[in-house]
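Letters A, B, C and D name the chains as they come in the text, with residue numbers starting at 1 for each one.
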Amino acid sequence: MTMREAVSSFVHDGDTVSLEGFTHLIPTAAGHEIIRQGRRGLTVVRMTADIVVDQMLAAGCVSRLVSSFVGNSSAGSLGELRRRVEKADPEPLIFEEYSHYGMICRYLAGAQRLPFYPLRSYGGSDLPSVNDGLRKVTSPFPGPDGEPEQVYVVPPVNPDVTIIHAQRADRSGNTQIWGLTGVQAEAVYAADKAVVVVEEIVEDEVVRSDPNRTVIPSHAVDAVVACPRGAHPSFAQGYYDRDNAFYRAWSGISKDPDRLRDWLKEWVYGTADHAEYVSKLGEEFWDSLAVGEAMSLPVNYGRRLG
Amino acid sequence: MTMREAVSSFVHDGDTVSLEGFTHLIPTAAGHEIIRQGRRGLTVVRMTADIVVDQMLAAGCVSRLVSSFVGNSSAGSLGELRRRVEKADPEPLIFEEYSHYGMICRYLAGAQRLPFYPLRSYGGSDLPSVNDGLRKVTSPFPGPDGEPEQVYVVPPVNPDVTIIHAQRADRSGNTQIWGLTGVQAEAVYAADKAVVVVEEIVEDEVVRSDPNRTVIPSHAVDAVVACPRGAHPSFAQGYYDRDNAFYRAWSGISKDPDRLRDWLKEWVYGTADHAEYVSKLGEEFWDSLAVGEAMSLPVNYGRRLG
Amino acid sequence: MTDSTTTTDVTSSELLAVVASRELAARRTVFAGIGLPTLAASLAHLTVAPQLEIVYESGVCGAHPSHLPETIADAVLITGAEAVLSMPALFGYVLQGGHIDVGFLGAAQIDKWGNLNTSVIGDWDAPKVRLPGSGGAIEVMANSREVFVVMRRHDPRSFTEKLDFCTTPGPDRAVEEGLRPLGTGVTRVITELGILARAGVGEELTLVAVHPGVTVDQVRENTGWDLAVADTVETVRPPGADELRLLREDVDPDRVYLR
Amino acid sequence: MTDSTTTTDVTSSELLAVVASRELAARRTVFAGIGLPTLAASLAHLTVAPQLEIVYESGVCGAHPSHLPETIADAVLITGAEAVLSMPALFGYVLQGGHIDVGFLGAAQIDKWGNLNTSVIGDWDAPKVRLPGSGGAIEVMANSREVFVVMRRHDPRSFTEKLDFCTTPGPDRAVEEGLRPLGTGVTRVITELGILARAGVGEELTLVAVHPGVTVDQVRENTGWDLAVADTVETVRPPGADELRLLREDVDPDRVYLR
């Protein structure tokens, strides 16, 4: 399936869309295609709301954000996000604030079809006063001191669609990720539909040579999209490195609404698809993000003889 | 550390000992060493209480069993376990019965230091009437119909020590498992102390060539024991196959208390350690369990150049 | 048992496997234990359900075994599989997450609502026979969209009015407790006498088909409760030559389970 | 800031990294973000804590980077690492499971109990400045045995009597709510002026050391609450030649963070 078809089939106005990938394998190309197709009123669920979220906000796709970190990595601020939150400029943004593990536990609950997930966070925090999703449960088992024990819980999140980026999958959707695997499996299992964007679609034999590497089995995947370099400016371990210069540049671009609009015009609306974005960046650029070789040593999955 | 030292240091009379490995990588050699050292009054926690548990019961090590399946795989019955439970012969056995996922959730709660773990099992079952660990919690979030929703929960299990078998680890305890990985990571993280028994201790470089293969990091491991073929009659993917004939034979051996005693005398008390057990079985025997080659294809963990 | 000439050369295992395989038509995911369920699922994969993915509780998804597995954790299931998951992921995300269309279960006892006993014969505290227990059966029942039960023995002790112990409740019992199970519980029970079916919560198992040569009365006599019988009881189509050939030559040529 | 001649050639980053590194003596596991914590932990690994394992919230345990990482998820942290875990495992088993000895945190505001604000300046609903939020800080605080805070800026707006918003509570606030946190919360705050310390729940941050040339009054003036001062305020030993050489030549030769 092409990215255009995947977004057109699985992302609708008003949907709750999870985009996951913790610094590694951020599904940027999918975010750009959502912008190109002009989706509106989305609820975006993403632990680290970073550049791609700022871009989707600027393009007017997003009315609600569920996140645990709204910043441009350690490289600065997200200009559009701050304008939306601080000044409702050009329009308000509904924001649900969690911590990282709170978000992880929401995916865990969603993936496991649980009504809530307990965690040992939030005691004494002001967050429960601004987030109705943070509630407490009394354990039916006595605590260490024999007294009743309370623990915070978060509700499940079940996105209409989760989109992730991965290194590779086979045609039927068995998806392999290495390096940082983040919360991608949980985000996919929590969702009603799942789209996996990959650097490459590989032969069945490649995947089946190492079934433990399959982080997401095909039964949980609704569409596989081949989109090389689709995680830029984030990285894909073993494929290309992080574009740290772009992260640093984004604070400046996003601080100025005109510059941000121009950037979107040139790099998103001005490119028909991610392949055009990639070629517009040029081979010399991609050479600067090239990675070396550090191959895993094989293990033997051999079965009995005969 | 030798197995003798590990059991002597980390398994004490009256301890709660988790032995995990779901059909694959069962820590049999550790169980045998516990028998040799004559531990008493143990609580054994193990999802599938199978041959090694029957042997530990017969040797008088165990006074309480926490399990979700008490049978000899699909190959028949556990004679000693049935005598203990059905006739208190030669002594009673306290038995806490869970389902597989109930056991998994107990490890999940233990590993995550949670007071309980919710799961969608047990509604309508008679198990809660015989197991006080199965309780209910009312979710603080309304159910799909807007009404309050109840869900069963299980308590954490935090063994004094968890012992698992794995294919390989480095000297500091970074443990790699492939094929069936079961619930080993959770059982280790739930425990106060953890002993990892491995087919081989490998160079740091081997482990570090594939960090996603590390199921258990060194910070969770207290002792690494090299004990080749220590999972027999279970198997180690890529090392040796399952000894299905022994599984079939066990129903007969364990049915007759005298035969069972003789078996222990010959194969456990009569061997100084697992190396002697292995050599007593003989090379021809081990050849019959040899496995072929099915090597995983490598992946590239390469970083940026320069 | 089945004395029709069309099936005289068919073993009981073959019969059950073939009949169960047909029920898997157009299914996507099946949670199967070793033995008859594996045979049935493997045969279905070659006949009525080419897209079928067999999920094993050991963590294997999309196995492509070179040989018929002898256990649910046989190394042949892992070599060349599409995915091997940890047990928390398999039970939590795949099974409880609602990704299983059909779960296969067996039992020592079953009642008319499809509740199962795999724990004890007699009292739980002082059992006459201690059985293996739930394993993952409680979870398979609670979370699969539907459950098929294959029972080799069809007699009044196994098909009982009252279970000695309810290890694995169907959704009817869960609903009584105020919980909301995902699936419909047992929808098919396949035995050497015929097929019982059940449409959903609140319904009891009903005889819908008998094997050639088996009478409705025979099934009634071998069932420990007052068995409901469908208005029209079909006769099960005997295993066809193609089905038997595939089962014998491709699925289990070494006759591991086709004893 | 620090006008003593012994440290004139030492940058603020170098000073904070060296001082923080010393506090890691004999620790086993540290949860570190990128920047100063990474510098401090890497230096400690070469000096006072050879067994130190640095755990990153991205999932990396036991990194052996060939270059200094630029982000917590830099590919150089993964290549050659001892383990890379999923985030549920990292946060659930490693952090909440209680395996972290020292967690490093930063903040826009800190109060005398070591509670932190990283969410907003102003009202949460209509903030003057929207800050990034918790990330994993709430979990690091709740679950590490102790927490070190490194603050570049030591002024009354950052060291405040009342936080604009408490994102990340120390255990004192959690205990008030009836919960039982694992650790002691913030035990060290390292700034350009000196070191504040806190012994445990119920204690407030107390000035225990100043850098050479800094007076106790200077620290008091730059702290937004009535600062407790230890009976004996030590003078921080300036970075030694060995420490600076290791930091400059081995830990961060490209001066990624040592700006």
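Following the convention adopted for this analysis, contacts are C-beta pairs under 8 Å (C-beta built on N, C-alpha and C of every residue); 3 or more make two chains touch, one makes a residue touch a chain.
Predicted model only: the values in this text are computed from it and were never measured.
Visitor: Keeping to the contact definition above, tell me which chains border both chain A and chain C.
Guide: For chain A paired with chain C, the chains in contact with each are B, in label order.
Visitor: To get from chain B to chain D along touching chains, fewest steps?
Guide: 1
Visitor: Suppose each chain is reduced to the average of its Cα coordinates; what separation in Å results between chain C and chain D?
Guide: The separation of the two C-alpha centroids amounts to 57 Å.
Visitor: Give, as an integer number of Å, the spacing between the C-alpha centres of chain D and chain A.
Guide: Distance between chain centres, rounded to whole Å: 28 Å.
Visitor: Between chain A and chain B, what's the gap in Å when you average each chain's C-alpha atoms?
Guide: One centre to the other, that is 36 Å.
Visitor: Which chain B residues touch at least two other chains?
Guide: Within chain B, the residues that touch at least two other chains are 108, 112-114, 119-120, 143, 149, 151, 179, 181, 185-186, 209, 212, 237, 241-242, 291, 294, 301-304.
Visitor: At which residue positions does chain D touch at least two other chains?
Guide: 60, 74-75, 78-80, 84, 92, 96, 143, 182
Visitor: Touching pairs of chains, which are they?
Guide: The set of touching chain pairs is A-B, A-C, A-D, B-C, B-D.
Visitor: What residues on chain B touch chain A, complex-wise?
Guide: 112-120, 135-137, 139-141, 143, 149, 151, 153, 155, 167, 176, 178-179, 181, 206, 209-210, 212-213, 237-239, 241-242, 289-305
Visitor: Flag every residue of chain D that touches chain A in the complex, lowest number first.
Guide: Touching chain A from chain D are residues 33-35, 57-60, 70-75, 78-80, 84, 86-88, 91-92, 95-96, 115, 119, 124-139, 142-143, 165-182.
Visitor: For a test of understanding, state which residues of chain D touch chain B in their complex under the given definition.
Guide: Counting only chain D, the residues touching chain B are 28-29, 53, 55, 60-62, 64, 66-67, 74-76, 78-85, 89, 92-94, 96-99, 143, 182.
Visitor: Can you list the chain B residues touching chain C in their complex?
Guide: That would be residues 22-24, 48, 67-71, 73-74, 81-82, 85-86, 97-102, 104, 108, 119-127, 130, 143-144, 149-151, 179-183, 185-186, 235, 237, 241-242, 244, 291, 294 of chain B.
Visitor: Hey, which residues of chain A end up touching chain C in the complex?
Guide: 108, 111-114, 170, 172, 174, 185-186, 189, 204, 207-209, 211-212, 214, 216-220, 301-304
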